[in-house]
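Labels run A, B, C and D following the written order; every chain starts at residue 1.
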């Protein structure tokens, strides 16, 4: 099999006495959705930060597109094509929806240091941005102030921003949270398609979505991956049932 | 420079540092708990000094004067907190800067309106005046030793207050998590008033103690304010320990810079140039220190919060 | 007293018959009336106004404005007074750096500037100007006198210090110009410094027999208190600024016995001075300070020129100013070729009279003293 | 047209019409006062780019204001005394030409802002406020104790510098020069805010994380805007020195930094015309209140307090409403 797009090997990270990641290994292959689940406090966000670049692991490596990117920061990983959405929306709340998406397009263009022409009149950027908005179904909200969006709409906007970057892999931190049933069904359908453009590492609490979408699932408990496998394997896994699903339901 | 002189300069640096700590402690406390940048801290220092001078003139008692300074500054603190400051906690730093800048104007000219344009008299009491001979033969002013003592006591008192008392628990809670103190059933509004008054009282105490060996005049608070900010930023804003470390570092740097730099430059320069350049550099030294500390540690020595 | 009111001094006296009735002279007074330096500006203003009031004249209009001790504000006020109030004469500035900002520009625009306090060397030498008169002293004068006094008092090894800014450099240069002994040490302190422990330790270790210092305003008060408390006890010498009537009360015992140099003191024995001191005390309820005496002399100089010439006749008016034909509270007073004073500079000592700290005359440091920059002035 | 654009238009025209009236009415001081407003507004526009757009609360902008001032003072004083600025390795003469002085002021401020910004931007929040203050104070004390150019006394220039084809000594002509510059810089500033760079910077102010995630370095955005901001404030410093024909270390003092910041906050942070409204109001207050009482600072303080507490968003925010902020 070809080398995975994104792989994490034996990552460790501790904060004082607290071990947030213990020998974590997982990978993301072409065309798949790999879901990462685990109870609250299992270290999912810490792991995501180490993958996206905000946090350096104490040991272990992160590889992306065949390169060791452990020492690279968020910006460099983003420039290589790692698209990310945040659990808590990181959006420019005072700006319009369109401006937020254009920021992504601008980042992808690699030329943010242009000072005099209005950015909204840049046709190429605008097209990229509007396409992304259309794909997540936010075209009508383009000119709204972002802080006026509903919680779910902000989630959609997060995804739209990531789309503008045409990434080689997505890392999505709970994109379904707060979406409501119809919203999350729509997003589920959308992600289902999206995996063919680029694989998705999906952190999600919505189990219906996870079971519907994931090619593989990894379960993180107290900083360790206790199991990785297909949906059925995970459903059947006794340790997972005890440690995680049993608690949840 | 002889060893004895160097030792004396080190003591001076320590003493200056403790003096700075007295002025900085309240500022850092208020910032730590309420996240407030209070430019008017220097005005509270001035109010303390003026109250002390007025009471000392009327009563002749230094002790009474010091108590008056604490009371007056705390009272002014409560007044300002209730009328103005509490509306600023939720605002950003810019609004706080502008509002407390406005308070400086009001306090300064208000004081001048009350007390006139000329400096006031405030002197060291007889029982604390004059030098004593320390082991090693250094003649050192008793009053400055007293300031070191009081400063260290205040530091100890603050540590105990924060570590051991109920108020301290609330203060620590307020520093780390504002919602938690509400959950603990603490009256936040009153806690903030108390902390602000405590910070003001510390400024007032410093004003009285330091005013006795300096000039009690309108505008005396501003240079103090800048220095206090330098100190707490070096130490890490909100940290009492940091304020203490920062003050001593600044005190030593400033004093030793003034004492040593002109001589140092004299080794390879004309004396007149050495004096001039050495002095110029020594007056910039604490700002250089602050810039270096922040470049190396962007949140100060003991700072956690960015 | 109302600020900025056009103080037309409408005394009951009607213009006496026969006197040349001219347009009133408009004076713009820019001085420091707020903040920490306000005491000096208030004293100058009060002295100036007292002289006008005593004269009973109705021919002087004064516009008073506060410069906040900021040079750019002073410049703005000068512009306003020249362009909008159309004053003929400017005066009042306390600080050298503000005077440097205002005076050259004002004289270049054909306005007369009478300096009641600051006398930077740049305006006494090459930068002298026919329209610029200094009624106080050239900045070096009192320091030179302190050096001369140190010689006569037999001081042989002085430690000298001043703030690190131009007036401070001038002070040390002035002292050294006259002083013949050795220097035990020389320090430039930070402007606005309030703690002098480090300097005091160096003084104590230096083996000096005396200390000369120039630390104006709050710096001097701080230094004196800390010096007294240090127990060093060497004789202090300094210019009058740190022993001025208005701040002595704040220094207290720490200043007692110190010799300082001044061109004026309240016990100078001449009728003009006696009248001035009594009138000032009656009017304002406090003893006059050095700065008040300078403000008073400035006004009287102006009045003397007005009595001789009309302001519209510039040359005659300038000549009348140069003549300095007025009864100065300092006794002898005349202008040198650079229009800076030639005057005696006295030695005073701080004493306590009842509850009040004040100065008494103890001698003359320099007689008919001018300044070294006069030779460079080409006018 | 939003209320804010209407307000801006009225403000801009008023600031133009008033001096013209003063010129007609032969009130030259009113022209000088207007020029002062225009120049201080320009300094504020500079700071507003860093503060409003970039979220960089700099309490050290007096450094650039002063550097601009000294660029003018040093060049003009050498030209005035016919002594070259330096002779080795090549001769640099002083100059009295405004455009040359402006260029030097802008370049010098840019260099200073590059160094100060590169170091200061390692910190954020209150630490950033204080480290910029520290750099300002360093320059202040340096200027006070550096004897070559007058130290605390500053430098006086006897005749205002020249501009080709104009008589700068005529108040109205000098005003027009300054007004034109302010207009040009406001235009530039508006375009900057709407540009790709402005979009990224504005987003970095609100969420640094997001900007990194799309592959843009917030540090570079901030450093760039800090340099541009310093350049504009430096240019204002050169004009201010020319207005007063005088430069001194007080231009470098922390009070000056504070005042420039007051203009911005008073007018409305991140509003295009905020600094213009702020500087106008401040000078107006200074001029009117200064005449009322010896203790006029008390009233000034009370008024400022009132603005912070009750008129959020500054003058423009209050008059034009919250809408329209940030484009």
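Criterion: contacts are C-beta pairs under 8 Å (C-beta built on N, C-alpha and C of every residue); 3 or more make two chains touch, one makes a residue touch a chain.
Keep in mind the model is a prediction, meaning the values are calculated, not measured.
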Contact-linked chain groups that survive once subunit D is dropped from view: A | B, C
Farthest chain (mean CA position) relative to subunit B: A
Interchain centroid distance [CA atoms averaged], subunit B/subunit C, Å: 35
Cα-centroid distance, subunit A relative to subunit B, in whole angstrom: 49
Centre-of-Cα separation between subunit D and subunit A, whole angstrom: 43
Centre distance in Å when subunit B and subunit D are each reduced to the mean of their C-alpha atoms: 32
Where subunit D touches two or more other chains at once, by residue number: 141, 144-145, 147, 295-297
Residues of subunit B whose C-beta touches two or more other chains: 108-109, 112, 276, 279-280, 283
Multi-partner residues of subunit C (at least 2 other chains): 33-34, 164, 169, 188, 190-191
Listing of all chain pairs that touch each other, if any do: A-D, B-C, B-D, C-D
Of subunit D, residues touching subunit A in the complex: 191-192, 194-200, 202-203, 206-207, 209-217, 220-221, 224, 325-327
Subunit D contact footprint on subunit B (complex, rising order): 31, 37, 84, 87-88, 91, 93-95, 97-99, 101-106, 108-110, 112-113, 226, 229-230, 233, 237, 276, 279-280, 283-284, 287-288, 290-291, 294-295, 298-300, 303, 305-306
Subunit C-touching residues of subunit D, taken from the complex the two chains share: 27-30, 32-33, 36, 141, 144-145, 147, 150-154, 156, 158-159, 171, 240, 244-246, 248, 250-251, 255, 290-291, 293-297
Contacting residues of subunit A [partner subunit D, same complex]: 52-54, 73-75, 78-79, 84, 86, 90-95, 99-100, 102-104, 106-108, 110-120, 122, 125, 161, 164-165
Touching residues on subunit B, where the partner in the complex is subunit C: 1-2, 4-5, 8-9, 12-13, 15-16, 19, 108-109, 112, 117-124, 129-131, 139, 141, 143-144, 210, 212-220, 223-224, 255, 258-259, 262, 271, 275-276, 279-280, 282-283
